[in-house]
Amino acid sequence: MSILVDRDSRVLVQGITGREGSFHTTQMVEYGTNIVAGVTPGGRGKSVAGAPVFDTVAEAMAETQPNVSIIFVPARFAPDAIYEAVDNDVPFVVCITEGIPVADMVPAYAHVRQRGSRLLGPNCPGLITPGQAKVGIMPGFIHTPGPVGVVSRSGTLTYEVVDALTRAGIGQSTAVGIGGDPVIGTSFIDVLGLFEADPETEAIVMIGEIGGSDEELAAQFIQEHVTKPVVGFIAGRTAPPGKRMGHAGAIISGGSGTAAEKMAALEAAGVRVVDRPSAVPGAIKDALHR
Amino acid sequence: MSILVDRDSRVLVQGITGREGSFHTTQMVEYGTNIVAGVTPGGRGKSVAGAPVFDTVAEAMAETQPNVSIIFVPARFAPDAIYEAVDNDVPFVVCITEGIPVADMVPAYAHVRQRGSRLLGPNCPGLITPGQAKVGIMPGFIHTPGPVGVVSRSGTLTYEVVDALTRAGIGQSTAVGIGGDPVIGTSFIDVLGLFEADPETEAIVMIGEIGGSDEELAAQFIQEHVTKPVVGFIAGRTAPPGKRMGHAGAIISGGSGTAAEKMAALEAAGVRVVDRPSAVPGAIKDALHR
Amino acid sequence: MNLHEYQAAEIFSRHGIRTNAGKIATTPDEAEAIARDLGGIVVVKAQVHTGGRGKAGGVKLARTPEAAREAAETILGMDIRGHIVRKVLVAPGVDIAREFYLGVTLDRARRQNVIMASAEGGVEIEEVARERPERIIRALVDPMLGVHPWQARQIGFELGLDPDKISGFAAIVQRLYDTYIAEDATLTEINPLVLTGAGEWLALDAKMTIDDNALFRHPDLEAMRDLDEENATELDARHSGISFVKLEGDIGCIVNGAGLAMATMDAVKLHGGEPANFLDVGGGASADQVAKAFGLVTADPNVRAILINIFGGITRGDIVAQGIAEALDRVNVQVPIVVRLSGTNAEEGRKLLAENGLAATTSMDEAAAQAVQAARAA
Amino acid sequence: MNLHEYQAAEIFSRHGIRTNAGKIATTPDEAEAIARDLGGIVVVKAQVHTGGRGKAGGVKLARTPEAAREAAETILGMDIRGHIVRKVLVAPGVDIAREFYLGVTLDRARRQNVIMASAEGGVEIEEVARERPERIIRALVDPMLGVHPWQARQIGFELGLDPDKISGFAAIVQRLYDTYIAEDATLTEINPLVLTGAGEWLALDAKMTIDDNALFRHPDLEAMRDLDEENATELDARHSGISFVKLEGDIGCIVNGAGLAMATMDAVKLHGGEPANFLDVGGGASADQVAKAFGLVTADPNVRAILINIFGGITRGDIVAQGIAEALDRVNVQVPIVVRLSGTNAEEGRKLLAENGLAATTSMDEAAAQAVQAARAA
């Protein structure tokens, strides 16, 4: 088992013929991901890494029945790609695109919810179920199958932690990057709930950062609904207020969204909060052997 | 039993201090309807026919827990009143107002559906469960309790039929005016389904008119889902094409929406279609005694 | 409210849709002058509020200014489906490579707007719908979000357009929908939408219907109303809150309620007569309204009897009867009047009418039969 | 991107919100002249991208033009929360009857915009939120339909406004939200929104933040950017696709990825040092990018050591190492450099760096500790 994607996932790539789209399609196929189709308007008849290209999601859906879509189209067109996916009944949409205006994501998020689909991202690295399916842009080789679910707002920082876990001999059930934007489709809570329900996941690593209150809400959720051990790390303890730290959503505003608040909330919820990424494997080992 | 409203209905009147609102509130109260509150912005502290007036639906909801609302506000403000009602969790909203632009009703209808509420109208006379509750503008005294459900796109024509039924000694379970606009909240199908499920309703009178295809859809629904006898009447056999006959929705356009089509569809679905309102009671008697 | 082609084209063009610019002529002289100005081949098109102009001979190609004059001579004054042609549009001829149909309207059953498109342009869409429904592409529009770019593109792909024609087409779809929403239309239609020999998109025709209920927010559109095309009596009625539609029969009808008014017309027909009009006197049925209604009905020289059918609801029958009596004092009605009065306080009303020399019945059928008889006798 | 009060006020006013018109002065002379033109009492207000101006003495009432000059003299050049005042707004004094707070922003947890209002105007809203949260009214905005009139009215009633003040207030709510949407703001705020003695609504202050991701569709707003208020180095970095934030420490950081960059800063602190900056070199980490990053970091005279932390993902470690080597050829770096390189092809990368005289570690902690030591030794 695992969450969200596995070897049976049928993946559609929107924006497959673009530079990013075609590069990562090849990478995903090499990892073993079952890429069934791609969409690029006007691209019908082409093929990328063996996957047939269609003009519309409707066509791709009719011909290849994908159940996951990953979006690589530029920020100005990405919301339309999200609408096209969910309106054509793709149940799970992963949006890698960075830089989408908040004003575009607010209605898009509401629409995805109404349609009953799930959105991961935008501005996220995607997700991977080691050994089964990589639907994202992370380096696949650092991952290894195992009992730890990883969920994170960050990209490279997650690779850092996953790499540390793998080197310590600890595999991952699924590693999910939820993205660094202020409005994202899937929150910590959603992923925590899935890991809690997944029989193969025995412990969870949650990597947060400054800005917003998703970590605080996650803490509350953990207290109430998560029985599996959770190890936490929050990036940005030294970040100054009022400054956006790379991610659009990583900003302490009006004195709220600080790392200290988040760490305190998680600790109060029984999460083992570590002060450096390299401490994650040890904490997870403790948790698994308890 | 009955459908949609009964003596336990707790009715809110939006636009209660207006000319129409206050007049019909008094009429409804006289009929015995349980009017629990009214709303008029700035009207807080007033009272109409014994019902307290509030500034907002939220306040009225908190203080009096209505479960039906009836709207008497002018066309330009009526969609906002619908939004206010459903956003404050009123499960059933009756909109009497005539003349609301279609462009305003399309999103309003979608929103009501999303909220899981039900809308009756607009441009309708409301509905009445004889002897229990009148939530509308029909003359109450022509109605009498009994086994016949009445559903209609028209106002006075319904009174005509109900009066004929009552004079023939046939009472009504509930009489529902769905309204004469192109976009209405509750269709024939919805009401037919409710009558079919209502143990007290033994037969149904359905009064349609030219324009649109609701009668055709109803015919299909009747064929598939309605076991109770249905008597039908369609107004507008002599109406010319391309002309709006009073109701915004009563227009034959592009050669479709004619009375002949509707009558044929209903007859094919086993509905006894009569050629004049006065023939309804006889047809119903036949049906009830079969 | 319907707009003329040239009016709709002007509005479309304001919303960024390329239309086939032309000018309006009301005389053959003007048509010739416009054709001369434009140069080359022109099309002369009848401007009437009805479809099927082409079949009726209301659209003609003219290769010379003189031919344009002749075409205008033929078309002006023509009767197309009951509409007299008073204006023609003279527009440049176009080198057409492909013709399409594109329209936005309301799907009443779904309570959503719908984009309709077909590769069979230039033909009446009702005909295509009837005979080859599979040739019409329909895309429902999200009530909240409008037409998505992907939807507009998809329609283009389904029409079989080449990839390099997609974005131009999608832009027109978007703009036609934007026009529909911005102008409170119930129909915006381009038939045919053409691809020219040069590979450009062009709206060769333009059709638009405005939601009457929304005209209050579009005074500019209200100002485009063509009084020649509309029945003056119907307009007059609307201003008094009365719904009135002129018909061909001889029995004038005055009724309260739209549904009952239609049923009354049907009853007249059922009893062998022909209604002269649809008339819903509206809510109040005050003396003023009834007097106005008498005026509307008696203005029609065909009317040989008047049938008044009132079901007293909230408006009491005695009040209505008083209104009728008062109205009769004010308006000189020369034809026989049959009254049917039922509902609230109807008995008192009938008594009052009797005192004023008008017998009233309680049965709609009876009243209809009497009116038909009276008209025959008259 | 933050706007100044006077810029936000101009935008609000364009969207139909009455603001307290004033003029900008950059010298005491100008302030005096403006005050003389306006006549009567004026307010002199520091224009800086931070709150709490009032408390810091950056807002002064002046009864005469001379007093306005004196106020400007005091305020200009003032340091408010690290922002140097370079402009003051001189605006007419207002007869205030009541003060309110009104703002629109994003509720991140709900993924919806939210209207916030309070009868405690003129106070920092964060303070009210912390101390008397029940005094803040919050209304979530429908993502599809926007602010409903009933919502705007309800906020007014909840603020305890008199019925005759409701529609004026509701209009301001609607317009403030419209401004927020039209301008792609992440905050539009009026604090205080006042009712004047004459019973009129007036926005006495104006605050606005624009979504950086949406600036591409607002060139007019981009043009309002105050380069004095923003760190030139940060702007320069942004143009190269590098996220850079200047901090107070002495260890320059060059990292790939925002989360890892924050974690790197935290690691520096954890090992007893102070980071000189946040720097995310972005995706590629090409020689150009790395060279640019070196330039940004070394421009800070405080920097005494540089910590490069790269986790090779899709971008291979050897490529990054090559980039570092090439960059060092181009940029003359005078301070010690500590490199941490892990991930894809990291070993090859470390070898390559060694050949160029740079030792690289695989541990972030180790690298951070070394960088702190190097900075101390320097």
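As written, the chain order gives the labels A, B, C and D, with residue 1 at the start of each chain.
Simple rule for what comes next: a residue touches a chain if its C-beta (ideal position, glycine included) is under 8 Å from a C-beta of that chain, and two chains touch if they have at least 3 such contacts.
Just so you know, these numbers come straight off a predicted model, no measurement behind them.
> Using direct touches as single steps, what is the fewest number of steps from chain A over to chain B?
2
> Select, from B-D and B-C, the pair of chains that is joined by more C-beta pairs in contact.
Pair with the higher count of C-beta contacts: B-C.
> Using mean CA coordinates as chain centres, what's the chain A-chain C distance in Å?
55
> Where the CA atoms of chain B average out and where those of chain C average out, how many Å apart are those spots?
Chain centres of chain B and chain C, defined by C-alpha means, are spaced 27 Å apart.
> Spell out, as numbers or ranges, the residues of chain B touching 2 or more other chains.
In chain B, the residues touching two or more other chains are 107, 111.
> Provide the list of chain D residues touching at least two other chains, using ranges where the numbers run on.
144-145
> Which category does the touching pattern between chains fall into here: line, ring, star, complete, or other?
other
> Every pair of chains that touch: which are they?
Taking the chains two at a time, the touching pairs are A-C, A-D, B-C, B-D, C-D.
> Mind listing the chain C positions that touch chain D in their complex?
Residues in contact with chain D: 144-145.
> Any idea which chain C residues touch chain B in the complex?
Against chain B, chain C makes touches at 50, 106, 108-109, 111-113, 125-126, 129, 143-144, 181, 184, 186, 211-214, 216-217, 243, 245, 247, 255-263, 265-270, 275, 278, 280, 311-314, 342-344, 363-365.
> Could you list, by residue number, the parts of chain B that touch chain C in their complex?
Those in contact with chain C are residues 23-24, 27, 75-76, 99-107, 109-111, 137-139, 141-142, 152-160, 163, 180, 182-184, 207, 209-214, 217, 233, 235-240, 242-250, 254-256, 259, 275-278.
> What does chain D use to touch chain B in their complex?
So the residues of chain D touching chain B come out as 142, 144-145, 148-151, 153-154, 157, 163-164, 166.
> Taking the touch rule as given, give the residues of chain A at its contact with chain C in the complex, in rising order.
Interface residues on the chain A side: 41-42, 44, 55-59, 77, 80-81, 83-84, 87, 107, 111.
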